[in-house]
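Take a look at the structures listed below.
Here subunit A shows up in two complexes: once beside subunit B, once beside subunit C.
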Partner chain A sequence: MVLRPTFGHVPPFSPGQFNMLYRFGLGEVAISICGDPSRPDEIVHTVRSAGKITSALVRVAPGETVGVRGPYGTGWPLHPMEGKDVVLVAGGLGLPPLRPLLYELLAHRDRFGRLEVIYGARSPKDLVYYDEIQRWRVRSDLRFQVTVDTAGRDWYGDVGLVTARIPDARFEPERTVAYLCGPEIMMKLTAQALEERGVADDAIYLSIERNMKCAVGLCGHCQYGPEFVCRDGPVFSYRDVKPRMALREV
Partner chain B sequence: MDELSVGSKRILEREDFPRLLAALTAAGYRVVGPTVRDGAIVYGDIRTEEDLPIGWTDRQEAGTYRLERRNDTALFGFNVGPHSWKKYLFPPRERLWTATRVGSSFDVAVEEDTGPPMAFLGLRACELAGLDVTDRVFDGRVRDPGYHARRARTLLIAVQCGQAGGTCFCVSMGTGPGVTRGYDLALTEIVGPPHHYFLVGVGSPTGASVLRGVPLSPATERETGAAETLLAKTAASMGRSLNTEGIHDLLLTNMEHPRWEIVARRCLSCTNCTMVCPTCFCHTTEEVPELSGDRVERWRRWDSCFNLEFTQLHTSNVRKSPLSRYRQWLTHKLASWYDQFDTSGCIGCGRCITWCPVGIDLTEEVAAIRSTVAASPAVGGHR
Partner chain C sequence: MSGHLRGDPRLKAADHAFFRGFDAAFVERLSTGALEGSYEAGDLLFREGEPANRFFLVFHGKIAIELAAPDRPRRTIETIGPGDVLGWSWLSPPYRWRFDARAVKSTRTLALDAKTLRDDLDASPKDGYQFLQRLLPVIAERLEMARIQILDIHGV
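Entry: the complex of A and B
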């Protein structure tokens, strides 16, 4: 979904931030911004129909108005990747929040070393940005791997979990920064696999998802230990959240 | 009459108390304070002194609350009830804005807050501390416009506690029983006999100005002394206590303590504790459409971390078990609140203990966790 302002201008966003999207009469939902940060004139969101509001959002017709508040949250820190190898690992709908980061990285390709992207989805039909992925896959300045949990015989790609791709991924662990986005269990296992290869826990960043109502640190819904995910996150360093991720139902 | 200076103390005779109410009304305040309703002392509009719980007191224990007759005519001879002042500053339900359909688009009109100034009559020391906590939540790093506007025009008339309730532990939390700051006026009620009067402390120029026209007399040393003796007696008769030393780390390093399991077997997830707590601030939003479908209102209402849907994410919930929800509540209130707002989230008012239908007592829960880890060197970091 591509939105243009009906008044005012679109404030710039950092990769990893999110907006609150409002559908008239139904309410708001937090959706990460997944467009190109160098193109601030439009607001791009990838929405999967899951609940009452998202299913109404995917039916929005051209010319209709959607309410937008944002951008909110901290975003992916960019400075740690200077001169390092960079690994992006996305699970399911974890790719959209990482896409602006990938645009940003490709726009400054000379500032860092190798670039590995590992994207896993449940099945081939769950893959998003299919055409764009084909274009990324043929580029020589990054390696973009796609893997699915299960597939029919018409799938020629990899089958398996993203964590299984970590041991062979090309990066120098001591000088690597990793950005993870996907289900919490997938991020935990991926972070552990990266740590096993020697990546420092404070060089691993991940995006935590929680219920959000206000997005400004007031309604209490998004609390994750002492942090408000809407304001202090959604991006955290793995070092900061590791003890919490080891617990259930925090 | 010259305006009284901040810090001065005067005597208001019991018979002249209505003059204070009249002065507040004349100054344009909507006076709200304690009143008896449905077998409890709650907060409501006070038009005459008859609206106050004259001659009533409350008996409180874990899971029980009972009103009883006093053998005197004290106006403030009780402790705190199921309501807290937050309901005036952060209403249980509040309209935030209205959206109106315009063609394929819509306009949004934000609610303007236009109520009269309020005078809170009868805030206890812990409740003043509670306002300080909610100020940090709603009027600190984030500013809630409605809360800010209402808070800014509210006059605070505190009352010293002449007795402690069965579930009170303000001494442990450092929030009472003495009112020391943050008030416009502070009253100490000395019931006598023979002499029934109020010692009035002036806390702000606004407080001084509302006293204009109220008959007051100078306070003697004996009268101020009587007020101090009363407070000392209250401090010595707390119903509960809570050792807060290192409580932040104590709780956060014991997230898998077996005690959570034990308390979770009792907890009904009824949300009572969060509804009565003066500092719980969690809320949710709802869309209220008009029948025509062309106008829709955005309301917010109190929510609770004990509700299953509170942590709804896609088709599941993060905190499914009652254990995880009680643990979230207690660790937030007594530990992570420090990280978020640089204060405890608990003011020691005891409401959650009294109004829990199964009598769960947070002071007991903390003590149980502490008793098993007291000897461990891992605990002890102070907060």
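Entry: the complex of A and C
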């Protein structure tokens, strides 16, 4: 979904931030911004129909109007990856929040070391940005691996979890920064696999998802331990949240 | 549809990641009767229910592990590649494959003889224990993967 303002200008955003999208008469939902940060004239979101509001959003036709509040949240920290190998691991709809970061990395490619992207989805038909992925996969300055949980015989790619791709991923662990986004259990297992390779836990960042309502740290709907995901996240250091990720009650 | 296995292999088990650190003489004994396999995309390595009489070391290519259920299309549940091993149904009775294995692209394997393996593992418990210690993490990893797949974590 590509949005342009009916008045004023689009505020700049950092990769990893989100907007609150409002479908009039139904309510708001938090959706990550997935466009190119260097294109300040438009707001891009990828929405999957999963509930009342998102199913209404995916039916929005060109020319219609939706409400937008934002951008909110902390975003992916960019300074730790200067001069480092960078690993992005996305699961399912975890790729959209990482896409602006990938654009940023590719726009300043000479400032980073190796760049490895590992993307997992439920099945080939669930892959997002398929055409764009094909363009990324032929780049020589980026290794983009795709794997799915299960597939038919018409799929010639990899089948398996993203964690299975970590041991062979090309990066030097002691000079690597990793960014993870996807289902929480996938991020937990991926972070563990990265640690086993030697990546420090404070060099791993992940985006936590919780039910957000106010987006400004007031209502408490998205409380995550002592923090609010909307205000203090959604991006957290793995070192900070690792103890919480082992707790079912959080 | 099938690839072919041939004797006098050029591939060596000792060069495969699975056998890194093993006693060379033990690996040499295990390799007695090994066959080199060449497969093109679509070739079956083996089919569910067939005798499991080989332990495959994958050197090149990609292999799909497939499951079939009545009235449902065949599904790939995992792909494996260079450095991986394929199959342990040869290790315990009834020595029958429990899934299909099909080459996704041009693939080369070294297929160790199951009877030789069982006999040598029995005859040399110390080496056999080391072999099982190497195989168990592979089994555990694939079991964990299957568990995560059951959770369907990417489902809406």
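Assume the second predicted complex is superposed on the first by the 250 of 250 C-alpha atoms of A that agree within 3 Å, B and C clash if a C-alpha of one lies under 4 Å from a C-alpha of the other, contacts with A are read in each partner's own complex, and residues count from 1 in each chain.
Convention: a residue touches a chain if its C-beta (ideal position, glycine included) is under 8 Å from a C-beta of that chain, and two chains touch if they have at least 3 such contacts.
Keep in mind the model is a prediction, meaning the values are calculated, not measured.
If we overlay the two complexes on their shared chain A, which of subunit B and subunit C does A:Tyr156 touch? Say first, second, both or neither.
It touches subunit C, and subunit B stays clear.
When the two structures are overlaid on chain A, which partner does A:Arg248 contact: first (subunit B), second (subunit C), both, or neither?
first
Can A:Gly92 be said to touch subunit B (first), subunit C (second), both, or neither?
The second partner, subunit C, only.
Give one of first, second, both or neither to describe whether A:Arg4 is in contact with subunit B, with subunit C, with both, or with none.
neither
Between subunit B (first) and subunit C (second), which does A:Pro226 come into contact with in this model arrangement: first, second, both, or neither?
A:Pro226 sits against subunit B, while subunit C stays out of touch.
If we overlay the two complexes on their shared chain A, which of subunit B and subunit C does A:Ala50 touch? Say first, second, both or neither.
After superposing on A, A:Ala50 lies in contact with both subunit B and subunit C.
After the superposition on A, what does A:Gly25 contact: first (subunit B), second (subunit C), both or neither?
first
Which holds for A:His79: it touches subunit B only (first), subunit C only (second), both, or neither?
Once the two structures are laid over each other on A, A:His79 reaches no partner at all.
If you lay the two complexes on top of each other, which residues of subunit A touch subunit B in one and subunit C in the other?
50
Would you pull the subunit B residues touching subunit A in the complex into a rising list?
99, 101, 104-106, 108, 137-138, 141-142, 144, 252, 255-256, 281-287, 289, 293, 296, 300, 303, 305, 310-315, 318-321, 323-324, 328, 332, 336, 339-340
Using the touch rule from the top, collect the residues of subunit C that touch subunit A in their complex.
Answer in residue numbers: 41, 62, 64, 66, 73-79, 83, 102, 104-105, 141, 145, 148-149, 151-156.
Hey, which residues of subunit A end up touching subunit C in the complex?
Within the complex, subunit A touches subunit C at residues 48, 50, 91-92, 120-122, 126, 149-153, 155-161, 164, 168, 182-183, 185-186, 189.
Which of the residues in subunit A come into contact with subunit B in the complex?
6, 24-28, 50-51, 63-65, 67, 209-211, 213-214, 216-221, 223, 225-226, 228, 247-250
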